[in-house]
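Report on one structure; see the data block that follows.
Going by the order they are written in, the chains are A, B, C and D; count residues from 1 in each one.
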Amino acid sequence: MKTAVGVFVLAALATLFALPSVLSAYYITLVLPAVAYAIALLGFNLLFGYTGLLSFGHALYVAVGAYGAAVLSSKLGIKSFELVLLLSGAAAVAAAIPVALLSVRYEKIFFGILTLAFGMLFHSFLFKFYDITGGDTGIRVLRPSLFGNEFKDLDKTAFLVGPFYYYCVGLLAILGFVMWRIVHSPFGLHLVASRENRRKSEYLGVRVRFFRLIAFSISAFYCAVGGAILAINTGQADPELAYWTHSGELVFMAVLGGFANFFGPLVGAFTFIFLKSELMGLTQFWRFWLGLTLIVIVVLFPRGLVGVGQDLWTRLHKR
Amino acid sequence: MTALFDIVFGGVFHAAVLFLVAAGLQLVFGVQKIVNLACGSFYALGAYFGISAVNWAIAAGVPPVLFLPVLILSGIVLGAIGPFIEALLRTVYDRDEAFQLLLTFALVLMFQDVLRYFWGANPQQLGDIASLYGSIQLGAVKGPAYNLLVILASIVIALGIGAFLQKTNFGRILRATAENREMALALGVNARVMYASVFTLGTILGTVGGALVVPTAAASLDMPVELVVESFAVVVIGGLGSMRGALVGALIVGLMRAAAISWYAELEMLAIYLVVIIVLVFRPAGLFGKAVE
Amino acid sequence: MSTILETVGVGKMYGDFVALDDVSLAIAEGELVSIVGPNGAGKTTLVNVLTGLLKPTAGLVRFRGQDIAGIGPVMLARRGMARAFQLVHIFPAMTVRQTIAVAVVSQEGKGLRFFSAVDDDRGVRDRVREVASIFGLERKLETEARYLSQGEKKLLDIASAFALQPEVILLDEPTSGVSSADKHGIMRNVVDAAKKAGVKAIILVEHDMDLVAEYSTRIVALTAGKVLADRPPAAFFSDPEIVAAIVGKMVGRLAKEA
Amino acid sequence: MNSKRRKLLQALGGTGVVAAASPYLSFPAFAQNTPIKVGIIAPKAGIAGTIGECGLRGTMFAVERINATGGIAGRKVELIVEEETNPKDSIERLRKLVLQDKVDCVQGIVSSGVSLAMGAVAEEMKALLIFWDGTTQDGVKETMANPRYVFRSTDNECEAVMASLLAIKYWKGKFKTIAGINPDYSYGRNNFAAFQALLKKFGVEHKVVADQWPKVGTTDLNSHVAALKAAKPDLIFSSLLFADLPIFMRTAHGAGLMDGGTKFVFPAAGFQHTALKKSFTPEGMIFGHNTLYFDHKDASPLQKDFVKMYVDKYKDYPHWEADRAYFAMQVFKAGVEAAQKAKNAWPGKEDIISAMEGVKVQSLGGPGHMRKDHIAEQTFYQGLTTHKNSYDFPTLGTVDTMYSDQIQKPPGADFWKWIETAQIKL
């Protein structure tokens, strides 16, 4: 099993690295947000899948990452993407701690609504405090340097589908590995225990609230990294990123892929981005079909695409 | 003095509409324990359909005085979609609430395109129905009579729901189910009928709300997602599942908003979220909610 | 014999309702103290007070001489007291290995390790195996808790509590919902395990008077929030007044015979 | 993909077939079998959905005419329409059109938030992009001084400047206290600020007694109206648009805000002129119809044709977005044809762009041209409302007309400095 997962991961990474030589530039610019969402969802699912807390406001941290990249690049002139990632991530953690302190007292739907309220609070802030945040138009995000290299000879598309793409896939691999270790660590074990039975885990000495706070902060960091990548791909950070329906999309992706599995949300991110993009090209009523897809997944395949895949696999092997 | 009246009147009007939507949300949460993100979509549906109903009434030569009943009736007719959506939700009653929330989120997405399919992308408006009802004038105070009617209708509906829950047999069973689902089911409450009825009632509260308000406003595709947020603020402040909470929460949100707009316009929505957070810090279950954790 | 856990004049009111009234108990090393009483006598409240979950409205609760009133389950576990539950409390989707590992990790203070794999920790692995074998669960290590039999679930619940290496363990009806044939098996298992694991005292809340009579070193009877009796089994069962007040209202073969 | 294109051609009324039979072979040297592909990105849902719809109709009208008269330099136009949503997704759409569909030109974009982000992306991608109504201004500050590939619409402040000038011209000395109720985004903020700056320039002493900033799409404006009523201003300046303006008008009318002698200035009223019914919209208000006033007596035959077609086909009266969209297509056409003529061969992108700079075209609303710095100049229409017409909504009694070179800052200028120093005629 372990080797199977290893082979799968290596194959997936190899495919991602090989994509630019196969796919057209347009599709690579689509893979880029998918990679960004995959990173964000790694964090989101630590909280949702492993800790059992459904946040309907995690777009807030994606937005913090995007605005972090915007402020650092266009207002403070910081070019280094490494620094941008670290500082945006730190800002997201700083924003997450007060929210988490209040929210982790709750579970289930109450947690969902409270996080939604905080997300919208931030959205209002972005919208209303025009002089600081640029209001509805947001803030421009300038092209960063990667390891000090600015790639000045490349135009924006070439930069995005070239060095930036490989950089982000590398980031996904590293952050994926880190998250893999986290969920298999003693800390991860305690998170799962607190999800399964909070009272019982407390009697076994699990500091549920504290651990949830940490999980929340880690997830915020990942979301901010995803947000920073998204913002550079778009070239703009805007308040829509913090709107609650964007949080809903994060949940959508996690469930689409299957949140019970480590790789589910990653599959969900890639599927969602391509599904949405293709639907938008096919019909103006893409929201309807997207909603219908979600209903089918929720009602018939609650374990998501990965669950469907696993079922097929076991059925084939039984034969 | 006049100014203060105008501000309070505006706030109460906003509260009246919010109450209807929040009441639907509370009713469904109380019994089915599902938070319905699509409550805003029902509201928008009510608004769009209300416009069509009135246009039809105009074409059929219905006298203008009857437009208000026509609007209310159109909202009630829309309740017919309730049982179908409930049948869909039934598939996830025993699942994790993430699935329940997502299913209603899917409805939000789908409704947006359903509305667009039938009524187009343009925001829809009713010419000038509201002013047909004239203005009320009390000394220096002047306001549109239609707004007062909406407030009154909302109060009547609130009292009606109260009486229904307290006085009727079905209401008592409903409250018992909200209190203790297993017990009620063990005592032979027909869950299917109960859930379908409650959800339909919740739907109607939303659609009637939308239909009532549309003569003073417009029906737009962004309405659903905007309204959900305000309704959530109302139920969080009031306490999830509590009808009294919906009423008080709606008043707080409506008046807070009116006050913020008048005295510090930049705070409009921020003020509401701040109230939400303050309430949650000091009274985690909301003003009338049962303790949660 | 030194006192390890005690309450002094503990009272607990819920509004006007008196749940506990002037309850004083002392539990010493080596004892197995049963708490009995009819429903509504205040057993659950007392257990919750003893385990620091509820703060009493009057009196003191001391564990090893330190006040533990209302310290909550997490701190209680750290101080060395564990609790198993009346209704099965398990982690449905976790395997037996993982469940016991939760306690082992917490007992060894490794909860804040983010980057080391639990499965690769030899210390944790050995300890999990050890605890599981004490309770006869070593063959089920990779089974998810929800697929265990009722009796096995009980054992797992208790095993995970034992994995904390507590000094005192509180068993809240450990055999409820288990067939009477299995009850003795579980109790024997627990008492043996306690000896092996160095548990210094056991508190047992139990309805089955057979088990109480057989395993207790002392019995505390509660009625209406007050201590009616606190004596060894022989003296307890030979007092017709107590038998009538407590045992008569409770289920059990002994009660039927009486 | 193919079925979608077929559908689009059908939507164009089968003009493809008509064009094939028409004498477009008058450009035999350059006639190519492949059509020119133009990508359109316009909002289809939400508050701006109505704007996108009207714009798209303007584009369709333009394409029908172009294809019926031989296409652009002999090549038919084929449209690929995508939806404008938020900046992130809209830029994805742009990349699809440019990288995947390989369109020759992209037009559209209504939201300034999207256009600001997209302008920079298109420039870096070297994609020819003509905005209908989008600018690349951050506030009123131009972020792209001399773009090569991106062509912007007139500044959003044009209508504010013109409306302010009219307010001063008609009502100077008749008001002291002013109030604003403007949408809560850069457009609204800039409009109200421009109004105040112009009052200052023309020495109109005034005091701001209330300023309201409802979020775009707010459907309940009762509290805002109450606050305005409490402030008792002599004049209210409002750049509300979309459905918000009719709601405001109706609410204000019901609450008695229009009962006194308060004057009203609505620079963006033309966006939803047909929804502002006579019963709650009084006469004598300043209405801005921007670059297209559908009921102009002296309108060009082109405009009259368009309005007639619009009324027949859609049972509605068009607003300025149709003109902006038509203008964008005409600028592209003129650029391609000029470049083709100069080169006597099919022109490349760079040739087209150079030819578009400074090109003059006749748009639906009137004459316009594309400045060398890629900002449009067009004709603007505003005036005082009247009920003397056969519609159920007010029209303009007197129509004031200004060419945007009088109300738009010149290339490279700072907007506020320009207001202070410019020679502006009333």
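Note that a residue touches a chain if its C-beta (ideal position, glycine included) is under 8 Å from a C-beta of that chain, and two chains touch if they have at least 3 such contacts.
Just so we're clear, the structure is a prediction, and the values are computed from it rather than from any experiment.
Engineer: Along the shortest chain of touching chains, how many steps lie between chain A and chain B?
Structural biologist: So the least number of steps between the two chains is 1.
Engineer: By mean C-alpha coordinates, which chain is most distant from chain C?
Structural biologist: D
Engineer: From the Cα centroids, identify the chain that ends up most central relative to all protein Cα atoms.
Structural biologist: It is chain A that sits nearest the middle.
Engineer: Decide which interface, A-C or B-D, involves more C-beta pairs in contact, and give its chain pair.
Structural biologist: B-D is joined by more C-beta pairs in contact.
Engineer: Whole-Å distance, chain C centre to chain D centre, using C-alpha means?
Structural biologist: Chain C and chain D have C-alpha centres separated by 76 Å.
Engineer: What whole-number Å value describes the gap between the mean CA coordinates of chain B and chain D?
Structural biologist: That gives a centre separation of 37 Å.
Engineer: Please report how many Å separate the Cα centroid of chain B from that of chain C, as a whole number.
Structural biologist: Going by mean C-alpha positions, chain B sits 50 Å from chain C.
Engineer: So, what's the distance in Å between the C-alpha centres of chain C and chain A?
Structural biologist: It comes to 43 Å between the two C-alpha centres.
Engineer: List, in ascending order, every residue of chain B touching at least 2 other chains.
Structural biologist: 112-113, 116, 266, 268-269
Engineer: Multi-chain contacts in chain D: which residues touch at least two other chains?
Structural biologist: Answer for chain D, listing residues that touch two or more other chains: 44-45, 213, 215.
Engineer: What's the complete list of touching chain pairs for this entry?
Structural biologist: Touching chain pairs, listed by label, come out as A-B, A-C, A-D, B-D.
Engineer: List the residues on chain D that touch chain B in their complex, please.
Structural biologist: Residue list for chain D touching chain B: 43-47, 49-50, 52-53, 211-215, 217, 219-220, 222-227, 229-230, 242-243, 246-247, 250-251, 253-256, 259, 275, 277, 279-280, 392.
Engineer: In the complex, go through chain C and note every residue touching chain A.
Structural biologist: 51, 72-74, 76-78, 82-83, 85, 89-94, 98-99, 101-103, 105-107, 110-119, 121, 124, 157, 160-161, 163-164
Engineer: Inside the complex, what are the residues of chain A that reach chain C?
Structural biologist: Interface residues on chain A, with respect to chain C: 178, 181-182, 184-190, 192-193, 196-197, 199-208, 211.
Engineer: Which chain D residues qualify as touching chain A in the complex?
Structural biologist: Residues of chain D touching chain A: 1, 4, 44-45, 82-83, 86-89, 91-93, 95-96, 98-100, 112-113, 116-117, 120-121, 124-126, 138, 143, 184-186, 189, 213, 215-216.
Engineer: Mind listing the chain A positions that touch chain B in their complex?
Structural biologist: 48, 54, 56, 102, 105-110, 112-114, 116-118, 120-121, 124-125, 128-129, 243-245, 248, 251-252, 255, 259, 284-288, 290-292, 294-295, 298-299, 302
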